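Taking it in order: structure first as structure tokens, then the write-up.
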Amino acid sequence: MKEIKLAIIGGGSRLWAIQFLKDVTLQDKLKVNFSLYDIEKQAALNNVAVGNEIFKANNKEGQFTISVEDTLEDSLKGADFVIITIEPGIMDCRYGDLVLPDQYGILQTVGDTTGPGGIMRARRALPIFFEFGKAIEKCCPNAWVINYTNPMTLCTAALYKAFPQIKALGCCHEVFHVQEYIASLVGEWFNIPQPDRREIKIDVTGINHVTFITKALYKGEDLMPRIKQLSLDPASYPDLTEYSKDLIANEKYFTCQHKVALSFLRDYGALGAAGDRHLAEFVPFYLQDEETPLRYGFTRTPYEFRVKRDIEKKQRVYKGEDLIAKPSDEEGLDILLSLMGERTLRTNINRPNLGQISYLPKGRIVESNGFISENSIEAIVSQDPPVGVQNLVRRISDEQEVILNAIWDGDDERLFEAFLTDPLVNLPRDKARELFDKMMIASELKY
Amino acid sequence: MKEIKLAIIGGGSRLWAIQFLKDVTLQDKLKVNFSLYDIEKQAALNNVAVGNEIFKANNKEGQFTISVEDTLEDSLKGADFVIITIEPGIMDCRYGDLVLPDQYGILQTVGDTTGPGGIMRARRALPIFFEFGKAIEKCCPNAWVINYTNPMTLCTAALYKAFPQIKALGCCHEVFHVQEYIASLVGEWFNIPQPDRREIKIDVTGINHVTFITKALYKGEDLMPRIKQLSLDPASYPDLTEYSKDLIANEKYFTCQHKVALSFLRDYGALGAAGDRHLAEFVPFYLQDEETPLRYGFTRTPYEFRVKRDIEKKQRVYKGEDLIAKPSDEEGLDILLSLMGERTLRTNINRPNLGQISYLPKGRIVESNGFISENSIEAIVSQDPPVGVQNLVRRISDEQEVILNAIWDGDDERLFEAFLTDPLVNLPRDKARELFDKMMIASELKY
Amino acid sequence: MKEIKLAIIGGGSRLWAIQFLKDVTLQDKLKVNFSLYDIEKQAALNNVAVGNEIFKANNKEGQFTISVEDTLEDSLKGADFVIITIEPGIMDCRYGDLVLPDQYGILQTVGDTTGPGGIMRARRALPIFFEFGKAIEKCCPNAWVINYTNPMTLCTAALYKAFPQIKALGCCHEVFHVQEYIASLVGEWFNIPQPDRREIKIDVTGINHVTFITKALYKGEDLMPRIKQLSLDPASYPDLTEYSKDLIANEKYFTCQHKVALSFLRDYGALGAAGDRHLAEFVPFYLQDEETPLRYGFTRTPYEFRVKRDIEKKQRVYKGEDLIAKPSDEEGLDILLSLMGERTLRTNINRPNLGQISYLPKGRIVESNGFISENSIEAIVSQDPPVGVQNLVRRISDEQEVILNAIWDGDDERLFEAFLTDPLVNLPRDKARELFDKMMIASELKY
Amino acid sequence: MKEIKLAIIGGGSRLWAIQFLKDVTLQDKLKVNFSLYDIEKQAALNNVAVGNEIFKANNKEGQFTISVEDTLEDSLKGADFVIITIEPGIMDCRYGDLVLPDQYGILQTVGDTTGPGGIMRARRALPIFFEFGKAIEKCCPNAWVINYTNPMTLCTAALYKAFPQIKALGCCHEVFHVQEYIASLVGEWFNIPQPDRREIKIDVTGINHVTFITKALYKGEDLMPRIKQLSLDPASYPDLTEYSKDLIANEKYFTCQHKVALSFLRDYGALGAAGDRHLAEFVPFYLQDEETPLRYGFTRTPYEFRVKRDIEKKQRVYKGEDLIAKPSDEEGLDILLSLMGERTLRTNINRPNLGQISYLPKGRIVESNGFISENSIEAIVSQDPPVGVQNLVRRISDEQEVILNAIWDGDDERLFEAFLTDPLVNLPRDKARELFDKMMIASELKY
């Protein structure tokens, strides 16, 4: 059995880290020594305790070790794999990201990737990721690095900016949801049980959260003509306001009906490949008022709910059933096994553009399919989406490039450039400046 | 004396054509036979009468002839030069362009280049320009063609789409105004009489009406550091509301203080090179409310004023002083003389990108400096503006490419794509569709 | 069991077609109806007879049918797969390709891909491939088309030129030989039995027969440092003249020691990925005299031997052991099974550049890795080789582009352009013209 | 009258420097203080003496001063203009450049730009130019720098490599000769006195010494159809062997009949725009034997003649008529006056590619038209030549890029890469290495 050291930076995070520990417990190919690091050390220590219980509950005690390090460097030293899953800044910073723009009439659904909230979050996260990149160069330059933190594109780009030879990728499950949506349609259309999402072979192109599907095959059959037809049918867009109100009443803030994704196929010629809450933030036309999202079946996640859920997560006690490993839909383990040579995997990942996305400059972090095998990730060339989609994506990527370099250079005036032209910021220039300045202060909040 | 045939398409237009006739009268190198064509033949006939009076009043009767043709082909046949200056659609169409968007809260200052108004105007103009291109290919493929019609970029692009070997350029005086603004600053700074705008040597880059100046020299001295400093000084942006109200009271709708141009230098690193009324329509932040433009010293031109002025123009009688030729600031005559080998000229023109604008694809119509000499126009490579400016310009150019191809293909759904992502259209998607459909109907109005 | 129609164009060819029939016999997933077409119908009929014997000898009679069609169209109609393996022109044409250049001091080893021989062969083959492309568009536009004919790059390019939506790829086993050479080194270095070549994971970049390996992994371990070291060791390049003379004496004209491939790594920084006989024809420095190839362990294939072998091939009788299917090293069957969804395959293929080769224009036919799965071939982005290698490859690809378009346009003067600058043609301009004209006549020979 | 400091690096050179001093004496706009620097100080002192005599003989003593500095830095300090015209290495180094390749059957005509001789000359010159670039950055970063030294492209590239903000250009009169050749044809065709070469307006594209003319206008008329016809006429290529032998007998080694230039138009579709002696070195087909150049009317310059002429130049005494300024065909003075704002100039220059040459990467030093005005040089976009010419030029430029970086990195193995693929080096690889090693030693010769 191969043995590896796996560092988890942000090792005190709850949901994701614990799910990942359970996932890893499911395989018998690798002995894994987990090394956690978190600026909140106690949170990481808590996860060590849960981790050990998981190994025990699943009878895998000999196969795994788990510990916490005091410093980032100690955690990274000699690591074969590094996983990054951090929260940049304290929860109070999210108030600035989410509530201040509201006061200026800017409606965000998520606020962690783009728009005012995404820009401020990047402003907090990127200096940290520059540090991570440099520390990895020093401590484990050959490690494979998997980033789960948003803004995904910019955080991953920051790692490459600090250490260009890094072997990093960004992972995100948003595409899977749309894949699953197509799988459900396949079940319907062919009158069969809904196939596993992996049986829907898709071609993915774009950048994280503003990704598109140009091709979808099921058993070799091209599904796009059917999906296109669906997108053109006005009956595909009923008024979902009541449904959305139910979502709100039940605090189901993370769900959607993929109507925005579908409308992109109708209006631009390619199917959106992320949840509607994310897609809507990249165009100016779904978040102009409070009603439109509800009509399309998706909701804005309130700041208060985020605070509440954060507290619940931290206080949650894992026991009994919670400790038993069951396969999840996350692909972290598959990637690990593939890079260790135990299988191969073709899936969507976020990596520097080497030519896989023809309509973006080389070097930009893009989302498209990759082929993962032993110690190797290769980029698969995406089919070009219609020109209108290319323009949409390029616009975002260009803006992100300005953001990345502005933060790298510590030049907040240039950061304001990006803020000013963000599609969500429909403000008179001086109001935009006022909001930017307020958000900058809120984003600096520390314990 | 060289003799040429010069066709004026839209030869019934008043102000511009009459000014041009007077300009041409000023030189003694060329015998010119003017051949006018206009779908309103009477208007062209009126101009013939005025033209003959001008030649007489300036004692140049032997040097010029002027006549009207019944068909476009007859006017073009054997022409050495073709000038295009038309109004696409009847005045009532402008109601749709200008007033309908208002009703949806979309504020436009000009509405003839970009935004909802510009898109609809393109929808009317481009099929006509496709015809012009084909007719020129048939009747006078070697003629030099000068277009003055807006939307400048798209109309010029349409000529090339229909007849790729056409020798066409688009001319616009917006850049001159900013050049003159800089000349006025030079006068101030160096305590000298304001120099002629041509003494300010500028490097121009972008696309028509969203053009930028990256370099300005006066007698070899770099002016940009001083202009930059000016742009950073808060005192450069006083509240000009009272001034603007005066403009409105006096119906001076075409003037501005170049504050938007200057603010672009502050916020994006390059000086805007068009009137503020045009520049403001390309970014989402100067036309979010009625107050902002006034504060910055520029105004929106009301539809009613346009109607009134149009009537006045048509009814105006030219006599006495009006007939005497005096040099104007227009460069049409200079271009003519240069192409005929009588001088050379380095000036900003709109032409297909051959590499002069590095950040736009080849073939796009771009605005930058050209070098004009006998039977030759050559493109001068522009210096790259800051990345943020490149992104702004590319976004517009990309949108225009979608518009051009949508109209060429007769695909109004794709036209809606462009409409939906235009920076001025901050509407919920379904409202946007509603407005688009209404505007399409208004744009079809015929006598 | 899935059932397919598979057309073999050039179905009268011997070695390859018979090997392929045996290969296909080895699997139990697909029922295959072979439809042969050949301008020499009798040759195809002979293969039908052998084919039926093969199916019988391997007890697979029910699973396969095989027949001959009178016309190309009949063979293609309704085909799911098309395989092309033809000889362009009669054997006597090869005299012109191979012997005439000799008379001018131009030494070729193979003469079917590049250099004077390759150019003339292209001159004969491409018009035929333009026809194939058009016929496929008409008869089976959705078929997957596999080309085995040289010049591989140009023949495949010709298919796309005639029918841009064709789903064609070119297959060549030259890369496998170098893969096997590396496998032999791995056996030596790690003191293990020589692994299967497929266990050497390589990154391939270039165009057919002038392809390079930039990366080679065995069980995740990077082999390039060891291969580089080998390439730098003078002992790796002993004088192999005696060995080569033995090859000649024994008519072993298709073998090599991969010394040229290795020298490319030493001199240019990337390992050649084709047999030395092919690689040497693309640079001017291995074929300047008769001695150099021998010293490096490879030989020129004489025209007379080709004639003799051709006769032997045609006269060969297949019986007994010859009919029993055993796995070969060819990947045709693997590709077939992958496209039918029975497996997946990552291997080197020749396809239009969509971005997988960053240093060549889009659309050029390039050789690099592809990922083949059900009804889908995706391009995998290659790692960039050193600049010197990029220059070498681009030069060849540029020349081929001139050849392709010259033949498409029927412009032999432009074909001469390519001839004149081919690295092998070191002749005074007028001598070059003389040879070109002679070869053109020889290439027109018909029965 | 404006006053400037003008440094001449290599100020001891004879012909060129003295001609330039006389040229500058012809104008009355500028007071010039010449500051000479030369590693052979005595040579510079000699030129000071001649310079003072020239000023006196032309009655311009008050307008000019001339002196010699001991160090490069002193000469550059505060310079407004820098002119570089050096000989890299001692005359004996030219033996290696010119005679050693002969011994291996490599025939060169000039041997200072490309081929083995050009590569070695670059090997000597570039480190010196890196020093110049750094010294200019330190002493006069805003000076305009004009380089006359060969290899022109690489020396100019070296200045930019060392100091990317440098305002440098390379000047070469080779294009003028072809312009003059066309002027002579115009005289013939139109039965008029031969016009001044400046009246032939040409579009120039390529890199120095392998430049092409795609367009030629005389008074607005396109001359290319006539020149093309001439190029296709076999009578344009008589056997010029006797003529060439006369050239040799009379030691007229620098002349030619532009037959190679013309043959490029016939064979590749664009007229060569340098002397045949230069053009021939970039393709493999004019220098394969001793007879071909003679047949085409040009000769190889013997090493012995170069030695002899060098001695004569150094010993020459300037007096009487030699001191009187008369206009020459060189454009150095025109450039100076244009940059000082006294006129404008459109001419061919060597500058970094900003987009003026669409088929070469940005940053490469290219030759094309520029527009020179007060304190400004702008690039004019060239028309694309036929693809075959693009390929030729790109191949050379790619090779030069390898050379530039190899010398910058001090990596002679990579330099050998370039040597090995140079079109003139048709040697077996090991012979090529042998020659390279010998030439490297010869190139290191010092006094």
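As written, the chain order gives the labels A, B, C and D, with residue 1 at the start of each chain.
In this text, a contact is a pair of C-beta atoms (placed from the backbone, for glycine too) under 8 Å apart; a residue touches a chain by one contact, two chains touch by 3 or more.
Model, not experiment: these values are computed from the prediction.
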* Looking at the contacts, which chains touch chain A and chain C alike? -> none
* To do: Compute the centre of every chain as the mean of its C-alpha atoms, then state which one is farthest from the centre of chain C.
  => B
* Asked: Any idea how many Å lie between the Cα centroids of chain B and chain D?
  -> 44
* Structure fact -> Whole-Å distance, C-alpha centre of chain A to that of chain D, is 57
* Structure fact -> Every chain pair meeting the touch definition is listed as A-B, A-C, B-D, C-D
* Structure fact -> Residue set of chain A touching chain B in the complex reads 263, 267-268, 283-286, 288-289, 291-292, 387-388, 390-392, 394-395, 398-399, 401-402, 405, 413-414, 416-418, 420-421, 423, 425-432
* In their complex, what parts of chain B are in touch with chain D? -> 201, 203, 217, 219-221, 340-341, 344, 346, 354-358, 362, 369, 371, 373-376, 378-381, 383
